[in-house]
Each structure stands twice: as C-alpha cells, then as structure tokens.
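Letters A, B, C and D mark the chains in the order given here, with residues in each chain numbered from 1 onward.
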Amino acid sequence: MGEQVLHIDCPDEKGLVYKITEVLYQHGLNIVSNQEFVDATTDHFVMRTAFEGTESPNDVVADLEEALPPAANIRQAEIGNRSIVIMATREAHCLGDLLLRHSYGEIPARIDAVISNHDTLGSLTRAFDIPFHHLSHEGLERRAHEKQLQEVVDQYAPDYIVLAKYMRIFTSDFVDRYQDRILNIHHSFLPAFIGANPYRQAFERGVKIIGATAHFVTDDLDEGPIIAQDVLPVNHTHTAEQMANAGRDVEKTVLAKAVKLLLEERIFIHDNRTIVFE
Amino acid sequence: MGEQVLHIDCPDEKGLVYKITEVLYQHGLNIVSNQEFVDATTDHFVMRTAFEGTESPNDVVADLEEALPPAANIRQAEIGNRSIVIMATREAHCLGDLLLRHSYGEIPARIDAVISNHDTLGSLTRAFDIPFHHLSHEGLERRAHEKQLQEVVDQYAPDYIVLAKYMRIFTSDFVDRYQDRILNIHHSFLPAFIGANPYRQAFERGVKIIGATAHFVTDDLDEGPIIAQDVLPVNHTHTAEQMANAGRDVEKTVLAKAVKLLLEERIFIHDNRTIVFE
Amino acid sequence: MGEQVLHIDCPDEKGLVYKITEVLYQHGLNIVSNQEFVDATTDHFVMRTAFEGTESPNDVVADLEEALPPAANIRQAEIGNRSIVIMATREAHCLGDLLLRHSYGEIPARIDAVISNHDTLGSLTRAFDIPFHHLSHEGLERRAHEKQLQEVVDQYAPDYIVLAKYMRIFTSDFVDRYQDRILNIHHSFLPAFIGANPYRQAFERGVKIIGATAHFVTDDLDEGPIIAQDVLPVNHTHTAEQMANAGRDVEKTVLAKAVKLLLEERIFIHDNRTIVFE
Amino acid sequence: MGEQVLHIDCPDEKGLVYKITEVLYQHGLNIVSNQEFVDATTDHFVMRTAFEGTESPNDVVADLEEALPPAANIRQAEIGNRSIVIMATREAHCLGDLLLRHSYGEIPARIDAVISNHDTLGSLTRAFDIPFHHLSHEGLERRAHEKQLQEVVDQYAPDYIVLAKYMRIFTSDFVDRYQDRILNIHHSFLPAFIGANPYRQAFERGVKIIGATAHFVTDDLDEGPIIAQDVLPVNHTHTAEQMANAGRDVEKTVLAKAVKLLLEERIFIHDNRTIVFE
C-alpha cells in the first residue's frame, strides 16, 4: 500500500499529539512526517500525519475516535488513489497544463473526464486519452444545464471537481452538493478585482503586479477559502490583453499547485480560511 | 556636471524621436540611454533620454520646444541634485531604511528634514544628522496642522515629499499644493484592502500573499497612480500582527525603490497610470 | 504586413540614434518602440526598433547601411514569420509546454518538426499535429548521428533550433554550423552545478534555491551566453529527485520565455553576454 | 517565562514523537507548535517543539534523556533570551539593517557589541547605543589579531557571532572555537562564484540573477551549511558595480532572515546541510 495520511482537527486541548501518536505507535506504524498547527485566534488544533501504510486503516481511525474528544474530525486517505473531474470552457492553458502534468505522472490522481460547455477543448483532451463531455449551455436554463453536468460528474463519483477556467457561475444547489470539493482558479489576485474582466480592471488601475488565486468554491462568488496565490510583474507596456496573456502562466502554475496540495491531502478548511501544510 | 535627463511627453506623431535626437546631436551631446514608449490606448508618446551633461541645458530645452509640437511637455533635470522632505508617524522601518540607504549614498538626493506628528522617531533621525521637526496634531484642527506642516516643508522647498508611514490623511488643498510631488507607501497590495487596517483585512480573508504599494498621493485616497508594488508569501501561521511584521520588509523595499525611481526621473504620470522606465 | 524589427549594433559614436531615426522618418515609418543601450565597458551600441511594416524593408536596410559606419551590423526581421525545430530526448515537460503554448498562439513561429533520439515523445508531438522524427543514436558514432540530425534540420531550414531537454552533447562542427541559433535549457542556475546531475549536486550542497538557465549553445559546454534564468525555493524536505521534479516548472517557464524573446528578436549577443530588450 | 523550544535529533526509530510528547504531557505542558522531519537519505530524525514555558525545563530535558535512546541530542532554549556579537568591516548595509531591526524589536536577542577591523562603522553603531570595538588588523599577524577578537568576544560570551560583511578569513582555530555558532553572509548565490569578487564574476558570466547566501562558517571557505538564500534579477544594464549595489538589498534581507531563524532556534545542522523549520 502507498503512503497514507491522517487529517485530524478539533478544539485544542493538552495532550492531543501524544494521544494520536500513541495510537499510531500501538499499531506499529512509522510516521513519515507530521505537521501540526494550533490556530491561536480560534484555539483550533489541526494535524496532518503521513505514515507508511497499514493494511487496516479503519482500525487506526476507530482507535483514534476512541482516544480523542468526540468533537474531533478524523479523516484518512491513501495518497495516489484519488480521482478528479475537470471542467473548462474554451481556454486551453490550464486544462492543457494539467493534462500534460498528468501524462508524466505529476498529478497523483486519476483524471476521470473533462466536461466543457464548448467543444473547443475536445481534441486537446482526447489527445491525452481522457474522456471529453461537451454539455452545451445554449438554450438551457441554468438549473437544467447543471442537472446535465451533475449526471456526468456523478457517474464518475470523483473525489474533487477542478474548474480549469470554467467561466460560468454555479447555483447554490450545485455548490452545496459538492461542498469543499470544488476547486477554482480565479484570474486575479483576490480580493483585488473581483467580478468580471479582472485584467481590464488591473490595466485601468495601473497595477504593477497581477496574480491568480486558487480557492474552494462557495456560495459567495470569489469569496471561498483561498488555497494558493501567486503573482507576476507587469508594467506600462502591457495592455489589458497582454496582461491576460502574461497571466496565463501564473494561472496555470497556481492551479497545478493547488490541485497537488488537494490530492496530497495537505489542506484543511477552518473558518473560511485554509491551513496548508506544504 | 552630472548626468542629465530629459522627460518629454506629447500626443504621438511620426518623427518625434528623430526630431529630439537631432537637437541633441546638434548640441554635440552624447546619449547614454534612451527609452521611449507610445501608449497605444491613448496614442501618447513618452521618452526619457539620459545624456552626458551640457553647460547650457536651458538652450537644449529651448531648441526642443522649437522643434516639437506645442503640446509637448519638456522637463530637464540633473540627477543627484534633488531634495526631499520625509514625513513619518511612529513606525521606524521605512524612515530608518531611507536614512540608512542615504547614509551610504544610495539615495541620490539631499534629505532636507524629517517631519513627524509624534516625537518617537526624533532620536533615530538625529542619529543620522538630519533635522527633525515634531509637529503634533494634538488639539489642532486638520487645516491648522497642515498649515504648520506646509510652513516647514516650504522653508526647505524640496522637489518631493516622501510619506514613510505617515498615518494621517491630507486635505485636498494640501495635496493640490504639491501635485504629483507626494509619494506614499501603502501597506497593502492595492487595490486589495483599501482603507484602514489592511493586514487585519488580509488575515480575515485568508490570503496567501501580502504586499505593499508605492503611489502618488491624489485627492482620491488610495487611488493615486501606482509606482511600484511587491509582495511576499504568508500562510496560516501568520496572525494579523505577524503579517504586519512580515509586511515591513516589503514596505521598506518598495518605498526605497519608488524613491529612487522618482529621484532618477524615471516616472511619467499619464491618465492616472505611471510609465516607469527602469 | 506585421510588425517589423530592426537590430543594429556597432561601436558607439555620437548621433547614431539620430541617424537611424532619420532614415526611418524619411521612409515615413512609425516607430512603435525603441530600445537602445550602450555597453559602457566595451563602448558598444545596440538598438532594437519596432516599427509598423513597410513594403520595402530592403530599402530601409540599404539606406541605413549608407547612413551608418561600415562596422554596423544591421538585421531586419518580420515578427511572426519565423520557424523553429525542437529537439528533445525523453522528458515531456519542456516539449509539451512549448507545443501547448504554440497550440493557443503564444509562440510566434511555426514549429516545423520535433526530432528525438528516442521515440518516447512521438505520440505527444503527433497529438499536436507536428511532424516527429525519431533518430536513434544507438550504435552510431557521434558524427554519424549528427549527420542524420543535420539532414532533417536542413530540410526544414529553421531560423532556430530549440533544445527542450535534449540530453546529448554536440560536436563543435554541429554547433558551428548553427552558430548563435541553438537555444538550450540547462537544469541548473548556471554557473552553479555545471556538468552532470545538477539536482544531485544541489541536494548534496544543501542549497535553498534551485534554478534553470536558457542559453545559446557554444563549443564550451554550459558556457554559452545566458538569455534567461529563474529559480524556485527548495528546502530540507526535498530529495535530489524531488528537486528535479520541482525544477521542471522553472525549466519549462524559462525555456518558453527565452524562446519568445528569441522569436521576437529581443536578444543581442555581444562579448559572450546577451543584451535582452524585454 | 517566554516560549521555550526543544530541539531533538537522533537516528530514526518508531515511536519517537510519541515518547517525546508523552514526557511533555506528563509535565502538563502545552505544545504550541511541533515540527518533525526524517531525513530519508540518512534515516535521521529531527524535531522542534515549541511549548508554553515551564519553571523547570531542566526536569523536562532529564526525563526526555531517560525516555529517548542514548544517541539523542536534546537541546532546550528560551526564545528571546539570547545574545549576539556582530562583526563587520566597512560596509554599512547589513550592520545598519540589523541595528535598525533590533531597534524596533524585530531581532529577538541582545546585541552585545559590534567589532570591526575598521572604524568606519563606529558612529552608526553608537547611534543605536551599542558598544563598538575597533580592532585593527594593521601590522598584526592573523593569529595575533584573532586573539584580540577572541578576547572581546569572550568577554560578552554571546550565543552566536554574526558576520555582517566581515571581509577577513578566520583560521581553523578561531572557527573551531565557535563551532556551529558563526553565521556569515556571502555575496553570491553559492556555490556559484565562490572566492573573491563574486559580482565581478557574475557580470563577466552575464548572469540574469544574482543572489546572497547565509551560511554557518566552517573550515572550508564558502562550504559551510547553507541556512538561507535569495536572489534578484539583473540585466545587461548592470555593471559589476551596479550588481554589487543591487545585491546589497538581497544580502541584508537574507542575513536578517537567517539571524531570526537562528535566534528562534529553527535550524538543525546535519550532514553539512541544514534542516530549517520555518
């Protein structure tokens, strides 16, 4: 079995690390890495422990549930054994980058399928032998379109949905259905330039740096917990369109980074912020 | 004489570079560097030319005025021959960094004086042999306080005023008096987190990068033309206070960079944006 | 016609910019951007001028040759009208990134073909509809193999050859044949870690930053003029293999940047260094 | 009492985290943060645990010595309660930056004194009310000079010695006397450009990035364990001297970062590499 990861979070109290590592020790497990953090503003404890695999992870979790306070959330996952569905619209750079990285083994997951509301990205996707679903939104009410999306997504039952420049907004129902499981790349350094056309806004404001933000999708547009951000310098020679072109590099890098953090189970969500153990 | 710089901007038309360099050639001047840019969205021409000094710069400017369209703005300055007044409140990092850089010759200008509404920074300033003026705002109406500031500033007649964490807002009258000559450092990556307490806002939003912005001061608070910006990564372990501490490094670096760009006459303001020839 | 670019370099003397822009003005050309630099250590003048196209670029060059000193090198190119051949071995990240960028219009050139000494990258290349030539080096003497490479390259007569992780060393004859036209990506921050296995060397030295270097290929291995470099942070958790994995991101970004600089004719080589007008 | 830190390293074996946290739990201590790493190439375990202070840290260490294998190194320190002596030669930027940061509380230690082989930096040091010792090396044999240095250092008995651009090389005897306790800033991105005049070397090689390296001083010049590195971009417009000027910013930032890591006891040395828990 591969490397396994435990995610534990609960209100802080004395002895939590001791109680957790005692259980692992009793199971004869070897800790490969161990990261722990207590959020001082909310007194909340989070810990990620990677250990060399056991054949009975369920027993470990059961014993941890016994040893820890009832409020503790305990999650266990085997790295490399996850799956995603990617959604995109017409731009190729984020999707192409993910497909490419996946092709040489850098994305530790199965890519079950790509879904798009256009057919532009079909041949790119199929070149990497990944199923492509074209579900046009033309002539469909938002909910009707989402129903089609949902059917395709659920047929694959992926661990996560990755929006690689999917340019439509979801209803609350869709978001709630996949709570904490939809990852988006936003083409600005949030919270600057929320809303439409961030590069146009950035150009007009005359900023010297542009950025991109990977975040979980919540009901509040552009307000979900931030996972990763990065920036690059621009200057007066960049038009809004050239900023958008330059921005592609940082969008794809930030998205790939966030996807890997997610699939390696390095992210906790707490209080609309993320704790990321890099 | 030291290196001299010409700043020329006007609506674009054919032959401008040729007409300008012809005048310099006729005066026997040697161009050290030459940077030119046409803003395609407004069809505006800007050019910065550094040349080895002449003893009659006024004649050069007069001949350029003859050769170029009447709408052209022509400015000439000798690098190294400028002066600034610095204003600060209580934080030492930006002021101290400027004083330190000035002490080993990195700021190409005279620092005429430091003015503060508190006396906290007096001993630091005097340690570098720079005059310090403590003008408390306590018990004074805003305009009355600004009148005092203005008197001290005008007694030095500096080329520029540098706000090194001066934490009070100016009236329009004060800003207009020193139009395009007041430089400020704002402790966020503008336009994210305008207004009070940007690091608190950044913490609450859970961003992964914080920044600082050097900009010209205009009537619209936090909306003046941006000169320079930089960022640094933060993560879940940073409280709002720790973000503020970490932010000091980027604040002082960005401010020092902007001050040097300004004093080397590398900045044009056009359409509430800057053109910066680095 | 598209944007055209003039490259001029010669020993510095007074009036060069004036003489050049006079010729352009007489031809009624509009300068879009103009960058000039005098290398003070060698007193050498270089200038890149982009102008809106003329139908008789040859006449412009002829008039410039008349106006300038005989030692001047004058080169003219139309941006977007260039071609490259890519060579790679087995790693997909640099080649895939170039193919992907090319597919959405970010590489301003034709990719004539991909040549490899292995067949690993054939299906990736063909997925982007680019011809793939597998020329194995197995059982061939170096010169015999290079003769095969040369035949395929010359059949396309590309402007440049891009080595996207081509892991073999060329003879002087091959390098000389394509002087100043072969671009390589080296997987270290040169001149640190020249030679084999730079990530292993980096790990053993315990560095906190790794990098990549795009450079022209010359007879002196790893010593050619540097075009672009970038780095990324690493730490004690990275093994040599993980450094290599992380390094892929910076390798592909630096290579793509250098290829674009080259194809936009922004690079001058002088004195084994480059002048890059970004 | 302030925050206390435990440093533990030993050959890896199962149950170490459990055994350590058990001792802390029995002492009723609350773990604030806990970082652990196993170096897979040497099978070595390192752990840094910060906990809220106890009045009997010696008892904790004694119990840990009992619980852990005899080969374990156990070190305990109270953050904020440390002291340094700074040595410098003539350049003000690194020393000035440390003094400035110290003045507003950013360096968690006492600065006992500054020692220099020149008197250039005396007035700067005294402006911050720190004792300054001018120990000229003129006319002295190396060992005789070091004897003087050693006498002044030992009179303060600092935890660490920080070389802030101290431009002389020590004998093995001096280095050995303060083993793992001398921190240096080297003005290049090591291992590139070891030896004299790294910026001249960087200019001649035509690099596009320069850097600085903070490292522990060992007998092998420029070969000690690296603590922190950073870089900044340069280009063809930088002469060797301008690279050196630009480099000051990164030198002072990297040195300050390393000094803080050291004083917060975040650094382990193992196998001539560092493990740095940021």
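Going forward, contacts are C-beta pairs under 8 Å (C-beta built on N, C-alpha and C of every residue); 3 or more make two chains touch, one makes a residue touch a chain.
Computed from a predicted model, the values in this text were never measured in an experiment.
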Shared chain contacts [chain A and chain D, defined touch]: B, C
Of all other chains, the one whose Cα centre sits farthest from chain B: A
Centroid spacing, where centroids are CA-atom means, of chain A and chain C in whole angstrom: 36
Averaged-CA centre spacing for the pair chain B and chain A, given as whole angstrom: 40
Sequence positions of chain A contacting 2 or more other chains: 33, 37, 237
Of chain B, residues touching chain D in the complex: 33, 91-93, 96-97, 100-101, 103-104, 106, 124, 127-128, 237, 245, 248-249, 253
Partner chain C, residues of chain B touching it in the complex: 14-15, 17-18, 21-22, 24-25, 28-38
Footprint of chain B on chain A - complex, ascending: 37, 39-41, 189-193, 205-209, 211, 225-231, 235-237, 239, 272-276, 278
